[in-house]
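In structure tokens below, several structures.
What follows is chain A paired twice: with chain B in the first complex and chain C in the second.
Up next, the complex of A and B:
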């Protein structure tokens, strides 16, 4: 038993009369990696925000190093030795890596106001080397990949000599190699006696890295203890409160021969090349590929938000005009973007306004264009209920105040009001929990049953294999392989995405210098 | 114990007042109550009438600005729209101008002669002039809107240029002379009253009510707010954001034309510098009302309260016999405080979540 560094004592917190945390108690030992898991809205973020000084508990308190701990501000929490590595990055992209890391304590030249730049760079260099991060301290953050930015954020937190580090979903934007590197760093920090709280939806990661685990559901601690006592199935059943035998719903409908979407020879210089794709009624087509392989760009062209150089897009046999999202929506396309914060939601506005945005024209009177608020509210409430959206009044609660999974449900709800014939989903399950993921798959199935076609973009092969009828694999702006359900094999799909074993086939069609 | 609880009560009340959307209205009432003992003339019928007639044109033009502020834009060119439209309207309907003054006008012999404007004396003069004024407004609004929406130019630069350009045109056309001798029916717009009511009031309040319904109840209003708060998400949700933006700038200009009609009929002339000192009042009234410069937030009732406060402020400072410069200094400080209050309110609202 190690020394207890931090303790939550019977912490409760409510928002809008809904209990986000109910009597939560647990402790963190020195030199321990604690995994904190739970569905979206289970209270993980609230708990961390209380430790980080962003929110104050309604009841209960905290103990840090044996003393009562009541942080008033995030700065206070940082001074007490608690650092928060946020899910959304808080870096200055216009500054260098070194400047970002040293933002609060630039080395000066003597007591003058001038920054000692050479010392800054040298210190940062040494620091980065000690973390085995190999990028130059003078690089501007805007030139770094999302994964590298995450590492800078971590380096920044580590540079302050904190005792407790809170990681909220640190690996969502990291490659496998970067994740491995991060875990090595976490292990080393642990050896140095730092305590780490690790929040993640990727249960495999939690199993690999954490010593102990705490499981939250609906603001309450459902269980916790040494990692060895919690195999993944047990973690899932505690999180969602029911046994999930199969994490993918069974698809009951088979695709018809009727085509919803047909793309012919689509191309745009530097983006995609000669894309031919067909999606039938009742069919779920998966699109797999690495970041930047062209799948997102393709989806944006089909929907009409980005331009394309050549090719035709036919929706139910009719040609779609270019760059006209209005026409795409009118034709029955729904588009759930990968970035719900920037492109999906009006964050400060109520849920109702968000759900109704797409369908406003259908709910406004023919001539005066006055919106029928009551009808809209009734329909939106129906949708919210069918999505099992956890919220107070949808007319007043803002989208911002919802958890990630519930925000995603709002984005989906906005399109369900339309009864779409083609649903394009770009990474719809990123950053949401197992239960919400299952519900997203279920929605896809239901739409397929109603005769819609679904185009499902994901970086997780397993989920594509779980729900799709067909998977097309993208690489460097092309569709290089197609798999139908009987041929689904994890390794083959991955190999295709990395172009292993098919490079030779490809050279017949494409000159080598263009690859 | 008792003492502290009453203190909290006052603090809570203060907070509630500050957060109320009628805050500016309360402020105005308090301001009037404080000043009444010093300047009892506030409630003199003559002053009340003066107050009202100052309110209506400013309200009309400030309403238009509200639409543009909601999409996180700004329209600095409203004053030039007022000037140019008043000149164009007057050139159509005036019944006679001085040849000595106007000989050098580029419009001499085309639209203007010693016998007056294009349609001098015709019964159609006033309606045609008003249609022409509205057309001027719509075109300048379209110009601004297309520059912002299609060419993605910053609204500040676009409308600053429009302000310079069209103000200059307004001065160039009549060679910086005021155009007088407007038809009686036109002048009647600002002079006709039915007891408490006046035609200006009906026009301006009618415009306000229309704007209120447009913003709060219609498809266009919803789309305007959505565009103001997140343009990318709105576009992906099928909102024709470009059209929404262009329409907002056109509404802004048309409201400026309505104000120009009210002002020029009151002054009985088409004036090349009409409204040139009004920009601070227009934007200031909106900010005092609580319309956010960051977009996505604002209501017509807020604009109305802002205008009302601004008019009362200017009027009382006048009655106190303060100099023109001192009045502007005070106005400037008040806008400063309003901006500060807006920031404070936002901060309190955020921490209350």
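Up next, the complex of A and C:
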């Protein structure tokens, strides 16, 4: 301990004239777990990308093991002993777990070009066992759940014997048990003398796992030091630059009696069973459940992208046709998907194009269908401003170049452009920071005030309890309990989601149940 | 649940099931279909398209496509014939140069796709026109004849048993299959086809791998063309044209995905190739109107591609359900 392994020295970096990093300096010791926290867009990913050889700093430099370190490519960084576990998965679904882990260094049979498959499987088996990951090395990755895939991604990085491991939000799709296991592994790696940079928005995790913490805001280091000196409140206030005593906005409207969405007896074999649900005007209904409990599937059915076998869906009293997202959008349903990268955004296109995507028809002339670009731009800028979107120019900057939280805002903005009567949000706050979360809650409130109904899917009970009028709890494709605001109790809701919280039941169900 | 598993099983093995189905149907319609002689003919006809289809499988695995194979066959065959007939080159040397022409066309495709970043479809559409253009420029669209030494090769039986062209097909299939299954670059090719960006991040030399597939495809096109001229003895201006369609169809019938990352040489492409020949022979044996045959052929291939697409959607859905239902 104590030996400095890596050092950032006055690193600065700008994108499109906006300073993403401003004179950042800090160091990482050998055998240290360093928590790196900050709001979205604070510069965490940029910092890691510079260390990982993806980006080059405009100013300043890095020192690795006492030598200047200037990685030109990710491969170069890897060769220098730095391994980057990205938030998004980089796995080959058509190959086995073992092949994924060994993709660039297959064991050969002697000096022949042929892969020694039995050795590969045996080594991988032992390796996975040492990490207490219990899937077979010959399983195809496409057959694994997202949580398991993330573990494979982590295993892949651990197999390279790197000195420094960068984890970017590694627990987003892990179950509590898998997270616990990951933390055990991190502790063990630390004992072996490896240094770990751990980026997460789950501050409780950072507090539990890290020795030291560095807090970034707007590309600058706001503070850092031993974990003990930084209780969660202090971390938050440094991150956002203000004390947050109330992380949930006060909801000012009470739901009306007027129904926006009414679902009757919805069912689809193997997905959901006999779902009855109402959402009223001005009401925020939370949907809680374990991953794979059927919430997302249900939302997709309501929106008309997935089929259902029985039941009816009424929007403002009118029956919605099946499998017709166009009709759902026309009826005023907005759907913010769980996976913004794949489903919600055209990453290479400018922000403006993304925001205007669903409402182009409303901004085009009646007969010629020519789009009124000026009107569209004005309205989109208004929305971008109201969402506090950090961008140089929404007409030229691509969605890809935004931070996670700002990307999420673009997705939301896309739907705000047309005043939805029902807003479905699937995990809208996953992977975004406290400040951006607050803004998302605020947007929900504003919409409810304007008379929209909101369906809010989340895996964080606290935020549902903070924001919703009602919470329905899902388990295995059914709504098993419903709580109205006065009855909100963390433990009761959790118990319902786990079907009375029987531990054995939980263990049997969770791994197989994940989507 | 059980029926789901059955559906998945069927969808995962469409190639094999379609193969057996067609086999039985043609057997029932035309009893003469089930003869050793007929199977030898089918396999013989399958060999040259099969060799090209193996190369095509490599390209398809990366998510690319090679439309130039038919023209490559023509150009390389023309060069080979002219070198023997006019320049008086010794035959082995002429054959070697013939194969080098295939590698040359493939290298051009590889360069344009991986260095100039052109889209494979357009690149190979250009070389398709270019290679045939050069060939026609050389021949003035006159037919090229080959000496007896070459045509006699088609009567050679390896180990006194296997016709040479079937033997070459077998060697190509074995080599390609082992390469794809058992070597690092083979496995990495699947990775590149599955997710190019992730492959680059994993430090795989994706560009080199993709380039290699076009070169392999060009080489096999020339080899397939040569095998074909040993059987024909003469090459006219239309030689090889339309064969790119059969080669792509064979690979896709054999389960290769046009989106990359999925497909095998054996059994996949081999079954696909034999299936196409089987359909053609079966249609003849069943006395189907000659002018209806291409239409039926097209429909069967349409069906196969349609099943492939439906299969992917359905399999994904089944997997989702299986996950939900414990």
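Heads up, the rule we're going with is that the second predicted complex is superposed on the first by the 499 of 515 C-alpha atoms of A that agree within 3 Å, B and C clash if a C-alpha of one lies under 4 Å from a C-alpha of the other, contacts with A are read in each partner's own complex, and residues count from 1 in each chain.
Here is the rule we go by: contacts are C-beta pairs under 8 Å (C-beta built on N, C-alpha and C of every residue); 3 or more make two chains touch, one makes a residue touch a chain.
Values in this document were obtained by computation on a predicted structure and should not be read as measured data.
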| item | value |
| --- | --- |
| Clash-or-fit label for the pair chain B, chain C on chain A | clash |
| Chain B versus chain C as contact partner of A:67, first or second or both or neither | neither |
| First (chain B), second (chain C), both or neither touched by A:99 | second |
| First (chain B), second (chain C), both or neither touched by A:335 | first |
| Touched partner set for A:271, first chain B, second chain C, both or neither | second |
| First (chain B), second (chain C), both or neither touched by A:344 | first |
| Touched partner set for A:361, first chain B, second chain C, both or neither | first |
| Which superposed partner A:257 touches (first chain B, second chain C, both, neither) | neither |
| Segment of chain C that clashes with chain B, given the candidates 43-51, 61-69, 133-141 or 223-231 | 133-141 |
| Overlap of the chain B and chain C footprints on chain A, listed as residue numbers | none |
| Residue numbers on chain B that touch chain A, as the complex places them | 213, 217-220, 222-223, 225-226, 229-230, 232-240, 296, 353 |
| Complex contact set, residues of chain A against chain C | 74-75, 78, 86, 89-95, 99, 103-104, 106, 108, 113-115, 117, 142-143, 145, 269-271, 292, 294, 297, 476-477, 508-509, 512-515 |
| Contact set on chain A toward chain B in their complex | 15, 303, 305, 325-326, 328-330, 335, 337, 342-349, 353, 356-358, 360-361, 364, 368-371, 401, 414 |
| Interfacial residue positions of chain C with respect to chain A in the complex | 1, 4, 178, 182-184, 187-188, 190-191, 193-195, 197-199, 201-204, 261-262, 319-326 |
